[in-house]
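As structure tokens, the structure follows; a few thoughts come after it.
First chain written, first letter: the chains are A, B, C and D, and each begins at residue 1.
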Amino acid sequence: MSVQPLGVALVGYGYWGPNLLRNYMELPEAEVKWVCDVRAEALKTAQSRYASVPVSTAYDQVLADPAVDAVLVATPISTHHAIAKAALEAGKHVFVEKPMTADAAQARELVELAAARGLTLMVGHTFVFSPPVRKVKELIEAGALGEIYFITTQRVNLGLHQKDVSVVWDLAPHDLSVLYYWLGEHACAVSVYGRGCITPDVPDVAFINLKFPSGVVAEIQASWLSPVKLRRTIVVGSKKMLVYDDTENVEKVKIYDHGVDFQEPSDYGEFQLSYRTGDIVAPKISGAEPLYLEAQHFVHSIVDRQPPLTGGEQGLQVVISLEAAEASLRAGGVEMPIAVPPCTA
Amino acid sequence: MSVQPLGVALVGYGYWGPNLLRNYMELPEAEVKWVCDVRAEALKTAQSRYASVPVSTAYDQVLADPAVDAVLVATPISTHHAIAKAALEAGKHVFVEKPMTADAAQARELVELAAARGLTLMVGHTFVFSPPVRKVKELIEAGALGEIYFITTQRVNLGLHQKDVSVVWDLAPHDLSVLYYWLGEHACAVSVYGRGCITPDVPDVAFINLKFPSGVVAEIQASWLSPVKLRRTIVVGSKKMLVYDDTENVEKVKIYDHGVDFQEPSDYGEFQLSYRTGDIVAPKISGAEPLYLEAQHFVHSIVDRQPPLTGGEQGLQVVISLEAAEASLRAGGVEMPIAVPPCTA
Amino acid sequence: MSVQPLGVALVGYGYWGPNLLRNYMELPEAEVKWVCDVRAEALKTAQSRYASVPVSTAYDQVLADPAVDAVLVATPISTHHAIAKAALEAGKHVFVEKPMTADAAQARELVELAAARGLTLMVGHTFVFSPPVRKVKELIEAGALGEIYFITTQRVNLGLHQKDVSVVWDLAPHDLSVLYYWLGEHACAVSVYGRGCITPDVPDVAFINLKFPSGVVAEIQASWLSPVKLRRTIVVGSKKMLVYDDTENVEKVKIYDHGVDFQEPSDYGEFQLSYRTGDIVAPKISGAEPLYLEAQHFVHSIVDRQPPLTGGEQGLQVVISLEAAEASLRAGGVEMPIAVPPCTA
Amino acid sequence: MSVQPLGVALVGYGYWGPNLLRNYMELPEAEVKWVCDVRAEALKTAQSRYASVPVSTAYDQVLADPAVDAVLVATPISTHHAIAKAALEAGKHVFVEKPMTADAAQARELVELAAARGLTLMVGHTFVFSPPVRKVKELIEAGALGEIYFITTQRVNLGLHQKDVSVVWDLAPHDLSVLYYWLGEHACAVSVYGRGCITPDVPDVAFINLKFPSGVVAEIQASWLSPVKLRRTIVVGSKKMLVYDDTENVEKVKIYDHGVDFQEPSDYGEFQLSYRTGDIVAPKISGAEPLYLEAQHFVHSIVDRQPPLTGGEQGLQVVISLEAAEASLRAGGVEMPIAVPPCTA
């Protein structure tokens, strides 16, 4: 680590910004130089909590400050591109909330710009930094689950309808970023069934069916209209299976030493299967806050000049997937291919 | 009820037959005249439990017995059609296990034959007789849930792979029959994503996406490869929502007085939503055994000359849906229309 | 094993007898020679299920049959002593349901009689044969939990009030037999708080506080008046802790690699504690039926001339403990000592 | 409300003080005039969060400030009496954390002093202000549960051993204050079994058996040595029963329309019982923070000159009960009477 803490500026102090501010205030490796928002009253709220932090409604002023090494973008999605682009052009590293941009072209432009300038560009796919998600990644990497067969995930609850984006754009970025991180590959096709129950133009329930090049199939159920809050993911592999339930306080990940053993067809050409059920283990999971780990990772990526785990390419791939998913949903479920990002970077 | 109990013959004493036998033995309105199976050793097992019941390996002998009013078919699916057809032609009422037949043409033939002969034909979609499923039907009928928006259901566990049919044909008949019973309409299109993880030719995980004429969307997750057993259905309506969890011992149905209230767009053209969360009620559910209620219903349908709730038409509709679902799955998820049964009956 | 199966006679075909009959009918090492009950209609029920089994209302006739090696007593508690005594005097081995007798003097007499005659006397403390209880015993024996500190157990539900015995005599035999089996020692004192809520003379809720010679303390909550059914036992040891929940379908035993580490007092005389929370493991538990294992154990104890795990002495100790507990409850909670059985045997 | 907000000073900024400060900072009816602690570094922490709040290590200075209307005491228990007494003598209203004092004599003195000066004295039995506890109180008051038969409560988890007080003094104040609030009466006798597992002088598990004048019996299980965190209370009444589980996120209170119906003895002198199981309702519970409601109540009690729900008398009664419980525990479980507080007030 450098001796000098990294100077950061937070742009956008609405719903999510305060969470970023709280974590960066506690991070020894960073120093918050500015909180910036076009709404003066939001800045007042920020100052009531952190009296010492300078605030500004003028983004230009922030970008002009040489003490600012990096900009954190937590504004509405439609503004991500412009704000991030200005920051990159001003030579600042950029952390931008998910989804990265409102469309793939915007995301691609940012990826290319960051690459051209040699700047770090990271997207806030926070779940990738969550200890239970990390634990599952470790297990997959170590081969503990064997070959992955399929994954299902539910992210449903009652509320908060968005006015301008569907439940796909709102909730699926979490699951897509996690699936891509775990599997180390991107979905190649998607079919989405859903409906706008409350306002027909804004789908609020979606069944997102995904195919991966390796043969893995996955399904994401996303809804703002479920009576119960579910955050449950089932990963089935050839050796073991696991359940990751983020609503559990203690046993967030449970590993089932269960499986199906396949015997070669006998003389009569019939296959024989036997089922194996063994112990169930809930490994100890660190209680560290994902946002703090994410903030740390951003700073370290810059200082160590290492590509972040959730860099611009990863953010772009999620946006490309969301576009395909949304198109499928709007077309009544017709399967859409998901392109590999043709970045020059 | 008639004074004379209905004479029934059970054909097929394998995995499921013993359950039918036990229930019909306890039913005062019926008298078991024969247990029939081509395997002599299966008949020995039956007699070790019910010494008094006549057994036979000769189906002809059973059909020739004038004391037999009705035949219960619990043989492998591929034989349903021939056995049921012979019974109908012999003038017997028929109860046949689900799925009704191996294809729609066979099912249609049985429906038409029963209609022509004025005989009762019923299919063993047992869940329709399950008290929690009945309770949900009552709530929907009474309008307690309001307009139904969507339904998701999970029927997953570890085991039992079938050798000749996919997980769709094995597990989805339960959910399809329940959904059609609740909604009073049939799905008009289906798209199925899935995979044969253990044996590529036999899909063992399937995500079944359904569209209904009313606009309802539904999804059935079916798998033989889940580490945990899930039997959970979520029904979301405009007034209330409910969760039906068949693995719960006590609170099988929970009704959530939750919802979203929609205010008309204000002057600024923005809609306003507010969320309502109220009490949660788990109504008392009868502990009666669904199979017993099903057996009773079959006898009463015959005696009262009333069409059964799960008659041949309902069975046929499920088979038509399964054919479409299987075709979609085999075609990689391409949406297939589900035809309305063009019966002459 | 002997070539010849053991001849057994079941006395008492009421609430519990059918369970014994079913298991002994399936046990190859035994042959049921008689089902005996003073109520002729009970015998009819038995025969409707097992047509081949001889029945009798005359206990004398049963005892006179030399083909009867052992008698299974499943009659009301008040008759246990007389029926078991007659059997022992007739030279038969005896299995008697729990609690063994209505008082300690009766139990002591049976123990002494069996010892004098060289006959096997076993008490139906079925939970000792339950796979999860066995698993906990293994863990304790292997030292996996370390020194046992304390145990709490809840056995509460709604129903079934007994007319003649308190909830202590009805429910506590289960927990007492399990605790004594696990700990390898008997409680030396008991204090019971409780109340007869529905009928003042018949306590239906009891908090049973137990002290053991080793220093272990335990508490049994027993009630017929709980809205929820709880069967949960917590065992806390110096190395690990566990929860045994018999209402769980799958994870009946969970082992917590949790503990408290004690550091020696520092210079300032203050002790330092640190808490350790590690993985949680739900070991695979056999699904074997406890009653079947119990029946097997009875036969093997006779054939191998080995004292059964739940022999007369164990049954007597439970009865002595129940007497002390009941006395404490009737005396408003005054602590009562629990004597060591002064058997001559 | 008065126009002028109430001036409060917080004394003690350790483990609990920050929670009080946060809530009083947000309460419009109060204004925090001072944060006082003898440890200068604690005051630095307070100022880093609330830069505008004056701090002091000199309690004299705080008491001398006429802008201070009330003092909030969140210091170690052993100092409660002296600090509260000085405040009352300086004419300040006092809020003191639970347990109120280290012994009953101290608590009695404070009650009398507050009465003599006409000042408000309130104890921080926060659970009395918790919405689920309030809901249960409403149900009891409205007669919905009928006559209360018994109550059991579990407050167990792993950690945090106290160095100077037993688990009884640490955890039981919560349950005692709640039970007394619900029942509107105090326990008249207590018997406590327990053990110091980690350090023999400091009991860390306790089974607290309570008798009430009305006949209600209750049991509090308290432990710092449980592998799982349990916060479950069962209340059984003659009409309905309920479970209050504070670890549940949503269904914190469940009301069971279950019960036992008693029929008068028939001619044969036998009573007949029938069990009733009906719906289960989880009423909507406000998500308001108990500490905020408690703070509001303190201010309103002062302004409206009304005795607080958890006033000095209530705090004294809890301390008297804790003394009796601790004495019973130390005496090996001997039942101790609990005196009615002989206050002159």
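Structural remarks
Please note the rule applied: a contact is a pair of C-beta atoms (placed from the backbone, for glycine too) under 8 Å apart; a residue touches a chain by one contact, two chains touch by 3 or more.
Just so it is clear, the structure is predicted and the values come from calculations on it, not from any experiment.
The chain with its Cα centre farthest from the Cα centre of subunit A is C. Across B-C and A-C, the chain pair carrying more C-beta contacts is A-C. Separating the centre of subunit C from that of subunit D, both taken as means of CA atoms, is a distance of 40 Å.
Between the CA-based centres of subunit A and subunit C the separation comes to 54 Å, rounded to the whole angstrom. Between the CA-based centres of subunit B and subunit C the separation comes to 43 Å, rounded to the whole angstrom. Multi-chain contact residues of subunit B (touching two or more other chains): 228, 250, 277. Residues 149-150, 152, 156, 158-159, 161, 163, 191, 193-195, 197-199, 205, 207, 209, 211, 215, 217, 219, 221, 223, 225-228, 234, 236, 238, 241-243, 254, 256, 258, 260, 262, 270-271, 273, 275, 277, 332-335 of subunit A touch subunit B in their complex. Considering their complex, residues 250-251, 257, 277-284 of subunit D touch subunit B. Across the interface of their complex, subunit A is touched by residues 51-52, 228, 247, 249-250 of subunit D.
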